[in-house]
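What follows is a short report on a single structure.
In order of appearance the chains are A, B, C, D, E and F, and numbering begins at 1 in each one.
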Amino acid sequence: MRHTVSMFVVLSLIWLLNSGFFTGLHLSLGLLSVVLVVWVAYRMDVVDHESAPVHLTLRLPSYYAWLMKELVLSNIDVTKRIWLGKKSISPSMAVLPLSQRTDMGRVIYANSITLTPGTVAIDLNSDTVVVHSLTAGGIEDLRSGEMDRRVSRLEKQK
Amino acid sequence: MLAHLPILQVILPFLAAPICLILRKPKLAWLFALIVSAAALAVSGLLLQQVYAGGVISYELGGWAPPWGIEYRIDLLNAYVLLVVSSLATIVLLGAHTSVQKEIEAHKQTWFYSLYLLCFAGLLGIVATGDAFNVFVFLEISSLSTYALIALGRDRRALWAAYQYLIMGTIGATFILIGIGFLYMMTGTLNMNDLAMRIDAVESTTTVLAAFGFIVVGTSLKLALFPLHLWLPNAYTYAPSMVTAFIAATATKVAVYVLIRFLFTIFGESYSFGRHPLAEILIPLAIIGLLSASTVSISQPLIKRMLAYSSVAQIGYIVLGIGMGSALGLTASLLHVFNHAMMKGGLFLALAAVTYRMGGSEIGHMRGLARTMPLTFWAFVLGGLSLIGVPLTVGFVSKWYLILAAIELGWWPIVIVVLVGSLLAVLYVGRVVETGWFGEPEKPGRNEAPPSLLIPLWILIAANFYFGIDTRLTIGVAENAAAWLMGGGSGL
Amino acid sequence: MIEQLLSHYNYWVVIILMMVGFYIVVAQGNLVKKVVGLNIFQTSVFIFYISVGKVEGGTAPILVEGVDVYSNPLPHVLILTAIVVGIATTALALALVIRIKEAYGSVEESELQIRDQQC
Amino acid sequence: MLIATTLAILVVMIMALVRAFLGPTIYDRILAVNTFGTKTVLLIAVIGFLFGRPDFLDIALVYALINFISVIGVLRYFEYNDEVAAHEYNEKAETQKES
Amino acid sequence: MLLFLLIVTAFAIAYTKDLFAVVMLAGIYGLLSASFFVALDAVDVAFTEAAVGAGISPLLMLATLGLTGRFQTQTKSRFYLLGFALVVLVGALLMIGTADMPAFGSVDAPAQQHVAPRYIEKSYEEIAIPNVVTSVLASYRGFDTLGEVAVIFTAGLGVLSLLSISRKEEEKEGGVASMYEHTILRIVSKILIPAMLIFALYVQFHGEYGPGGGFQAGVIFAAAIILYSILFGLDVAKRVVNESVLQILAALGLLLYGSVGVVTMLSGKNFLDYNALAEDPGTGQHIGIIVIELGVGITVAAVMILIFFAFSRRMDREGGA
Amino acid sequence: MDTVVNIVSGACLLLGSFLIFSGGLGLLRFPDFYTRMHAAGITETLATGLILLGLMLLAGWGIVLAKLMMILLFILITSPTASHALAKSAQHGKLAPQLAEPEDQRSR
């Protein structure tokens, strides 16, 4: 039920933000649409903690703030290497452990890896992630495990 | 409701198609389709009557006055073609159930009727509309459904034929679209009547010339004029029998209508023939097509294919009439549109009956037909006579007018061409008749086609003779329409 | 001549696109590629129509305060319809291609012709 | 500034296009198409501002959406054909060795 | 600039033998032409072309390629030379045509003079919605749009009749490969799909104000479902949206559109004259447009999903065999 | 105030353009598929973010801002997902990355 409500809220928000029309007609059409979509989503069996991650909402912003910082740094790094040319890169691949317990957590972790330029998560298993990195240093950074810890902290205290 | 006749004409089969899909039971769908097309036939009869009584009918769709909205504009010419299309569609549909049951897989039968109605509605839409772009839309409805219908044929070559037709047809339609675009660019309107008026001012531009070229080539592709006819034989041969009967009788005729409409109404006779050597292009093509297709059809082992080539030849006659650019020639063409629809519809229905009983329509299947299926056989013979153009049949009437038109212009060689064409028709029809009469049947004993196929077949054959003798309706309408198109008459 | 070229440049481009598309349709043997060619051909016609509708200095024909030059909406409407027709044709053509592949085991025009003559 | 950005995006689009032509593997092409798609999204957004009608961002959103779906779709069909893929890879590897 | 890219892409398509790459390039071509439409102020068209030219049609082509093989054999068509001649001929005709054309973008070209200005000047008065394209599409030329829906419906039927298999055969078929084991995709799309659906419906109901409308909404809606079926497998998707229900929906959409016309006719006005729907013309037009756009949306979504299902079922069958 | 916003947004756009261009360059210059993917990555994260941010500043409060946010969010969610799917598929398709051993790198 919690998930249904949260999905309902999110969908309504999307509608309102897009629409910008607050007349009776549009609001009622919007309500109908949201109900329809929730119903379809129910049939699709996609309404659960994975599609409507309420429990994460509060912690996400601080994580994203940290991620942004990482993003900027790694962007600068990769850009530098592009201009420096082939010699400056040392592509490498590694299997890294991960400590998240839920799929959701793993996905956030893997996507964060991919999102930061210079590293791409290639394969995701239940306790490892295969990473390809533009530089050997990228792998080392990940190995230090800061990102891993932060993501794991996200999913704690359900 | 009488005021809404023009739109009812199209919208009846149009909306019946989705309903057909919902009905799900093939028999029910058939019955429904039949009732609807009979209603459409009635509407077209009423329309013709109204046009006779009160002149051109204009119907504003959506209540918007042309040229801002789309207009349906029924004059004598399209009322006549509407009648041809809806009567043929209804008659063919009458026999469809029996044949379809045998030729099309059970779970596809409702789709067949739905597509059939869409095709029918598309053809009617092309004819009824007074808006150039609307022609394109309905052209595509009818074409897409035709491709799908052809592909329902059992032989795998049906697929290939449908694909080829699709490619050619789409190129044709796109050419027409380019042409319409050019016209719009130069005139700023899409309404045919409006176009016709505004085109005079820009007549001398090369853009209009290019539009003219694209539209003529595009429609020629659709109507299978000689070098552009390559899609036709395969498509007709491998489509399900009923589909062949329907499209052979109507689809090319509607394309002819589109050509006439563009040449005479929009561009105007003086532009089409006065300014450009259209006659010098169309007539040789028509003649070559006529003679070569007739010759080819003599040696075809598949009777359906033979008739398909004969259709190409008959298109030759029709285009010949148009190419003359005279009122008499046009009359002959319009007559032949109607007459050819009747005879080809009849002949293909006869083949449908043969296919139904014998499982195929190769020359071998025709052996001894006179004994096993006498009624079907005689229907074929009589239809064949009409195709040859024996007096008392409709085939004679239209050829007679064509000859008259040629004599009027003093083009004697054309008279000879027409006669030679008839002679060739004697050969290819004669070959089938001979096999049917003298050949030994594989399985002796009477094995006549079921009445549900024989009735529509004989209706068409009878019509061949009725309109061959009582020519008041057809000639009257055709002459008036031709005169009007040439800018002489009043549209009555 | 140069002036003509400049003021009509995108019509010329459209012509080139049309020719390329048309060439793919008529001269390529692969059935799927023909369909792609057909798409290009049609799309070029769309571009042509839309070019006709463009008005110098105009904006999209959705009315707002303070703007009075709009591009011509009519070609847009026509092309919306034509795009739909195009995708409909494409879908049908591709369905046919799949069936042809199943029935003949090939989607090359030349091979199809050979296989048809055999039977 | 907007014009400069538009130009930059266009240039990157060309680069992606070049990558799509060159290949060499099919994955490069998919990558290029994906990049091309996101750049189109940006382009539409920027053009909207450039023409002073920024209220058409819906289109950009649709592009982003369609782009994602196509890439996923492409991969789905490619996995379906992955034997072909392996075959192609081997071929390419050989040609690379030769060169 | 964009045009130049278009040409390059078109030539590349002509010369590429790897059909997979051809389809990719065709997708790019779609995106390019769509961007070009935006640059020429045709936002609605761009919207559609993006969804169709870069989305649906490459997907369908890929599905076809999955079944028919990736590489084109080297042989050229028999009609190679003839084809070339034809192309040159057509090109020549086109070039002749351009000679007398009004210059690109010119304000006083005939196309801008006769019919079009009225739409811009009067449509707000008569129909009371700001998007002129929607006004013309749904009201002034509403019948064309009805035809367009019929075209889509026809195509859907055609594809079904070509690719369908009888129910008995269908039951025999086994499981279907899906990408369910793909964790990241699964979770991300679980979040995205509902958002796409709501976005589609937003597009559906705001066609009067911005770019968009029934057709675009239908395509996006279908795209979301298609994504779902790609990821979770055809069988699962079919359990969510039943095929026979889709067929009926496709028919109903068309009927809904048509019935608006019938209703207006019964209340004494012409076919599709929405003024018959309410006392006040503005309201009448608005109601009419909303209803017909809904009809368009339903049919388009249903047909697109049907077509995609038909294609991908063939693939699954092939894969299982 | 307006000028400040304009300058900041201009700066964002410029920087974004530079980054996006670098990414495009990387797409061309890098030696194999996997490394190119990283290059594409930078065009899709920070560069996109900056450009959209620049536009957001121009847009001011309103619906346009909301939509730009949505686009940004959407790209931030889908782009790594797509890259990941692509990489996984490439690996699945047995496309081996050209790995550089550190020593190897130096010797070149």
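Please note the rule applied: a residue touches a chain if its C-beta (ideal position, glycine included) is under 8 Å from a C-beta of that chain, and two chains touch if they have at least 3 such contacts.
Computed from a prediction, not measured in an experiment: that's the story for all the values here.
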*Work out which chains are contact partners of both chain B and chain E.*
C
_Other chains in touch with both chain B and chain C_ = E
_Chain at the geometric heart of the assembly (C-alpha centres)_ = E
*Could you let me know which interface, D-E or A-E, is made of more C-beta pairs in contact?*
D-E
*So how far apart, in whole Å, are chain D and chain F when each is placed at the average of its C-alpha atoms?*
12
*Find the geometric centre of each of chain C and chain D from their Cα atoms only, then give the gap between the two centres in Å, rounded to an integer.*
21
*Taking each chain's centre as the mean position of its Cα atoms, how many Å separate chain A from chain B?*
62
*asked:* Where in chain A do residues touch two or more of the other chains?
replied: 14, 18, 110-111, 121, 124
*Which chain D residues reach two or more other chains?*
30, 32, 51, 55-56, 58, 61, 65, 67-68, 72, 78-79
_I need the residues of chain F touching at least two other chains; which ones are they?_
23, 25, 37, 63, 67, 70, 77-79, 81, 83-85, 88
*asked:* Judged by the touch rule stated earlier, which pairs of chains are there in contact?
replied: A-E, A-F, B-C, B-E, C-D, C-E, D-E, D-F, E-F
*Contact set on chain F toward chain A in their complex*: 19, 22-23, 25-26, 29-32, 34-35, 37-39, 41-42, 45-47, 49, 62-63, 66-67, 69-70, 76-77, 79-81, 83-84, 87-88, 91, 97-100, 102, 105, 108
*Of all residues in chain E, those that touch chain B in their complex*: 93-94, 96-102, 109-116, 118-119, 139-144, 146-148, 150-151, 153-155, 157-158, 160-162, 164, 166-167, 247-248, 250-252, 254-255, 258-259, 261-262, 265, 269-275
*Of chain A, residues touching chain F in the complex*: 14, 17-18, 20, 71-72, 75, 78-79, 81-83, 85-87, 89-93, 110-112, 114-124, 130, 132, 134, 136
*Show which residues of chain E lie in contact with chain F when the two form their complex.*
182, 184-185, 188, 191-192
*Can you check the complex and tell me which residues of chain D touch chain C?*
51-53, 55-56
